[in-house]
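After this come two complexes, each holding subunit A, first together with subunit B and then together with subunit C.
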Partner chain A sequence: MAFVVLKNLTYLYPTSEKPVLRNLSFHIQEGEFVAVVGPNGAGKSTLCYALAGFVPHFFKGEISGEIEVNGRKSSESTLDEWVLNVGLAFQNPFNQISGAKYTVFEEIAFGLENIGVPREEMKKRVEDAMSLTGIGDLADRSPYSLSGGQQQRVALTSILVMRPRLLVLDEPTSQMDPIGAREVFGVVRKMAEEGMTVVMVEHKVEWIANFADRVIALKEGQILLEGSASEVLTSEALVENGFGVSRYTSAAREAKKKGLWKKERLPVTLDEAAEGFNLTRNA
Partner chain B sequence: MNALGMYVARESGLHSLHPLTKVLLTLLFITAGLTLPGNWTGYFIVAFIVFPLAFWGRVVSNLFSATWKVSLPFAISVILIHGFFWGEGTPVFEVGILSPKWEGAIFAAISMGRIILVMSVFLLFSMTTRPDALMITLKQAGVPSSIAYIIVTTLQIAPSFQRKALTILDAQRSRGLETEGNLYIRAKALIPLILPLVLGSLMEVEERAIAIEARGFNSGKKETSLIEIPDTPLQKNIRRIVIFSIFGLIVLGVLWRL
Partner chain C sequence: MKIAIDKLHFTYPIGLEALKGISLVVEPGEQVAIVGQNGAGKTTLARHLNGLLKPTSGSVFIGDWETTKFSTAKLAARVGYVFQNPDEQLFSRDVVTEVSFGPRNLGYAKGKVDELVERAMALTELNGKAEANPYDLSPAWRKMVALASIIAMDTPIVIFDEPTTGQDAVNVARIAHVISELKREGRTVVVITHDIDFCAENFERVIALSQGRVLLDGSTREVLGQEDILAQTYVEPPQLTRLGKRLGLKETVTTQEEFIKSLA
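Right, the complex of A and B next:
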C-alpha cells in the first residue's frame, strides 16, 4: 500500500472558473522523495495545499476524487488532525513567521507548544532540528531580522521539528543562495532516507536530478510526465510545453544535433554533462 | 522598527514582573485616575507613580518621547475645541471672532491629564512586557489561544504595515509615481499605495493563517510553553489586593458621584 495516494483528484477554487487540478492520480511510497516541476499556473501550489489538507478544508471550493495519506482519507479527517501527520512549508518565508515570538529558537518551538510537547523535550527537538538545517547560530536572533534565505530555513526547520510523516515543500529554497539551497536539498534527502516522505515543488532541476527519487511534471493540473529525474527532466516534451530545463540538457541537446553528444541519454547535472562531453573528446 | 512592536528589551525589576501583575496594575492606575476625586489626579499619578516605575524599568526617555508623540494630536484637538469654543467665561485674548476662555483652557488641561495617564500607562506596559510572555499568560488565565494570538500580533501590526507601505511606495516611485509636491500630488499618490497595501495585507493574513494552522495552532491539544514565566507568592498576593482595589475604586467612584 502506497503512503500517499491521489485518486482522480479534481479541484476548483471557489473564485475560479476552471479546475486547477484535473483528474490527478499518483502514488508515493513511504520514504520517497518526489519533486514536482511545472510552469506557472500548473497547479503545483494547489497540489501542495491539497496534500497538506488545506484544499479543501481551508480553501473550500469543489473537490472530487480522493487524497489518502498513511491509509487515512483527507475527506474523512479534519484539518487539525491532518496537520499532525503532514507538514507544509511554502514559498514566502515572511508570512510563515508566527509574529508572536521573540527569537528564532522560540519561533521554531511555536508548533511544539501548540501540540503540547513537554518543555525539556521541546528544547531538545528544537536544538536537533536547528543543527540539522544549520541555523544553530541564529537561535537568539529575531526572526524578522533575518534575510529571506535565512527565514526560509527557519520556516523549514519550524516544520521539520514537528516530525511530520509527509513533508510538503512549495519552493522552499526560492530565496536562498545556491550553496544554501544545495544544503537544504541535502537535508531533505537525509529526512527521506530516515523514512519521511517528501513532496517538493522546485525549479532547480539540476538539484532535483541530484537528490530526488522521482519527478512529476505537472501541466494545467494534469500529469504530463512522471518517472526518474533523468527520464523526465531530459524529455523533449518538457521543452515543447514551456518547462524550464537544465542548461546542461539544452547544451547537450544542441551538441547531439551536431553529432557531438554520443550517449543515449541527455544529462541534467554538471557531472553527467562532463562525463558525456569527455566521451566525445576522447572519441 | 523591531519585531515586537513597542517592547524595549532591558534588564529591570519591572521587566521581570509577571505580565498578569502588570496588566492588573495598568488597570488599577487607569481606574484610579478616572475615579478618584480631584481634577489633577491624572497628572499626579503620571508624575508620582508612572514615571518612577518607568525609572525602575529603565525606559524613562523612551516613555517620555512615546507619550509625547501619542498625546500631542489629542492635546491639539482638545485645546482647540475647549479653548476656542467654550461658551461663557473669562477671555484670554480677543482677536476678531476668536476668544479663547480661561475656563476652557483649564478644562482642556484636566482632560489632557486623563489622556496622558491612559497613554503613558499603556505605553509603559507595552515597553516592559514581552508580547510572547503576555500571550502565554493570557492563555494560562483562560483566554482562548486565538484571542490571545490576535491581541499579541495586533500590537505588531503598525510597524509591519508601515514597513510594507514604504516598500510599496518605493516600488511605485521607481516606476515614476510622483509622491512629493503639493497636497493634490500627494493625495493622488495614495491611490496606487492603498490598493496593493490592503490587498497585500489580506493575502498575508491568509498565508499566515495557513502557516500557523500547519504548525498545529488549532490542534486542540493542551498547550505547553518553552519559556517559563517566573511568578512569586508576593506577586500573587499583590494581584489579589489590586483586583480588590480596582473594584473598590469603581464602587467608591460611583458613590462619590451620586
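Right, the complex of A and C next:
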C-alpha cells in the first residue's frame, strides 16, 4: 500500500472558472523523495495545499476524487488531525512565520508547544532541528530581522521539528543562496533516508536530479511526464511546454545537433555532462 | 545616471552591522548583478540606493544627489525599485491604474503618462490585461505588473530585488528581455539575484558581497570563474562554468555559446 495516494483528484477554487487540478492520480511510497516541476500556473502550489489538507478544508471550492495519506482519507479527516501527519512549508516564508514570537528559537518551538510536548523534550527537539538546518546562530534573532533565505530556513525548521510523516515543500529554497539551497536538498534527502516521505516543488533541476528519487512534471493540472530525473528532465516535451531545464541538458542538446554529443541520453547533472563531453573531447 | 557609494556602513537599530565599508561606482547605463549569501547585505545595500535606508556613516550619491539630503519620495524620480515580492508593492484595482500610479505621482503630463504606461505594458507583455485586477492574475503576471509599474516611472536607474524567484523559464526569458531593453535605452540597472546562470547570461559585471563587504567586483567572467572565493559567500559558478572547469578548458566559459565554441 502506497503511503500517499491521489485518485482522480479534480479541484476548482471558489472564484475560478476552470479546475486547477484535473483528474490527477499518483502513488508515492513511504520514504520516497518526489520532486514536482512545472511552469507557473501548472497547479504545483495547489497540489501542495491538497496534500497538506488546506484544499479543501481551508480553501473550500469544488473537489472530487480522493487524497489518502497513510491509509486515511482527507475527506474523512479534520485539518487538526491531518496536520499531525503532514507538514507544509509555504512558498513565501513570510506567510508562515507566526508573528506571535520574538525569537527564532521560540518560533520553531511554537508548533511543539501547541501539541503539548514537555519542556525538556521540546528544547532538545528545537536544538536538534536548528542544528540540522544550520541556523543555530540565529536562535535569538527576531524572525522578522532575517533575510529572505534565512526566513526560509526558519520556516523549514519549524516544520521539520514536528517530524511529519509526509513533508510537503513548496519551493523551499527559492530565496536561498546557491550553496545553501544545495545543503537544504541534502537535509531533505537525509530525512527521506530516515523514512520521511517528501514531496518538493522546485525549479532547481540540477539538484532535483542529484537528490530526488522521482520527478513528476505537471502542466495545467495534469501529469505530463513521470519517472526518473534523468528520463523526465531530459525530455524534449519539457522544452516545448515551457519548463526550465538544466544548462547541461540544453548545452548537450545543442552540441548533439553539431555532432558534439555522442551519447543517447542527455545529461542533467554535472557528472553526467562531464562524462559525456569527455567522450567528445577524447574522440 | 551614475551611482557612487563611498565607505558605506550601516547598522540596524537592533545593533546588527549589515554593511561594513562598501565602496563602489556604477557608471551610467551599466548593468550590474549583485550576488552573495543570505544575510550578506544585498537587500540592505539596494535599499540605500532609493533612500529607504540612510548610511550610518559614509555616503551614497545618485547622480549629484546625496541620499541623506533627499527624501525617498524625491529619490523615486531617479531610482525605481522592484520589490522581491510583488504583493508588497501592488495595491490598485486594475493593472492600468497600478502602472499609471508611479508616473502620475511624479507629476508628468497626461500625454507623457499615457505614453510611458503604454510602453511599459508592451515591454512586459501586459497588453490585454489592462482591466484585470492584479490579484486575479497569477503570481508570475503580478510580477510583470510590478515590473511595469516601476519601468513606467522612466527612472534613469532601476533596481530589481530577486526578479527571477519563483518564475518559470518563459517568465525568466521575459524578464531578461525587459532588462536588455532597459540597457538599450541607456538605463542603469542593478539586480540582486541568487540565480547565477541568469546572472551569467544577462550581465557584464558582477559584484559578490560577503558579510557586509565587497568580496569580488569585476567582469562576469572574472568574478564567476573564482570558485573558491565565491564559496566563501555560498555562491557557485554557473553550471557551464563548473562544467568547463571539470573538463579542464583553459578559458572560463559562462554561456552556452562560449561553451559550444570551446568544444569545436
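Please note the rule applied: the second predicted complex is superposed on the first by the 283 of 283 C-alpha atoms of A that agree within 3 Å, B and C clash if a C-alpha of one lies under 4 Å from a C-alpha of the other, contacts with A are read in each partner's own complex, and residues count from 1 in each chain.
Here, contacts are C-beta pairs under 8 Å (C-beta built on N, C-alpha and C of every residue); 3 or more make two chains touch, one makes a residue touch a chain.
No experiment lies behind these values; they were computed from the predicted model shown.
Enquirer: What does the overlay on subunit A give for subunit B and subunit C, a clash or a fit?
Expert: Result for subunit B and subunit C: clash.
Enquirer: Kindly classify A:221 by the partners it touches after superposition: subunit B alone (first), subunit C alone (second), both, or neither?
Expert: In the superposition, A:221 touches no partner, neither subunit B nor subunit C.
Enquirer: Is A:145 touching the first partner subunit B, the second partner subunit C, both, or neither of them?
Expert: A:145: touches subunit B and subunit C.
Enquirer: Report for A:276: first if it touches subunit B alone, second if subunit C alone, otherwise both or neither.
Expert: A:276 sits against neither subunit B nor subunit C.
Enquirer: Looking at the overlay, what does A:203 touch: subunit B (first), subunit C (second), both, or neither?
Expert: It touches subunit C, and subunit B stays clear.
Enquirer: Does subunit B (first) or subunit C (second) touch A:92, or do both, or does neither?
Expert: both
Enquirer: If we overlay the two complexes on their shared chain A, which of subunit B and subunit C does A:172 touch? Say first, second, both or neither.
Expert: neither
Enquirer: Touching A:54 in the superposition: subunit B (first), subunit C (second), both, neither?
Expert: A:54 sits against subunit B, while subunit C stays out of touch.
Enquirer: Where does subunit B run into subunit C after the fit on chain A, at 169-177, 205-213, 223-231 or 241-249?
Expert: Between subunit B and subunit C, the clashing stretch is 169-177.
Enquirer: Check subunit A for residues that touch subunit B in one structure and subunit C in the other, and list them.
Expert: 92, 142, 145
Enquirer: Name, in rising order, each residue of subunit A that touches subunit C in their complex.
Expert: By the definition above, subunit A touches subunit C via 38-41, 91-92, 94, 142, 145-150, 153, 171, 174-182, 203, 206, 242-248, 250-251, 254-255, 258, 260, 270, 273-274, 277-278, 280-281.
Enquirer: Any idea which subunit C residues touch subunit A in the complex?
Expert: 12, 14, 16, 36-40, 43, 84-85, 138-140, 162, 165-172, 194, 196-197, 231, 233-236, 238-240, 242-243, 246-247, 256, 259-260, 263-264
Enquirer: Within the complex, which stretch of subunit B touches subunit A?
Expert: 2-4, 130-132, 135, 145, 149, 152-153, 156, 160, 204, 207-228
Enquirer: Once bound in the complex, which stretches of subunit A touch subunit B?
Expert: The contact residues of subunit A facing subunit B are 49, 52, 54, 58, 79-80, 83-84, 87-90, 92, 95-102, 105-106, 109-119, 122-123, 126, 142-145, 155, 158-159, 162.
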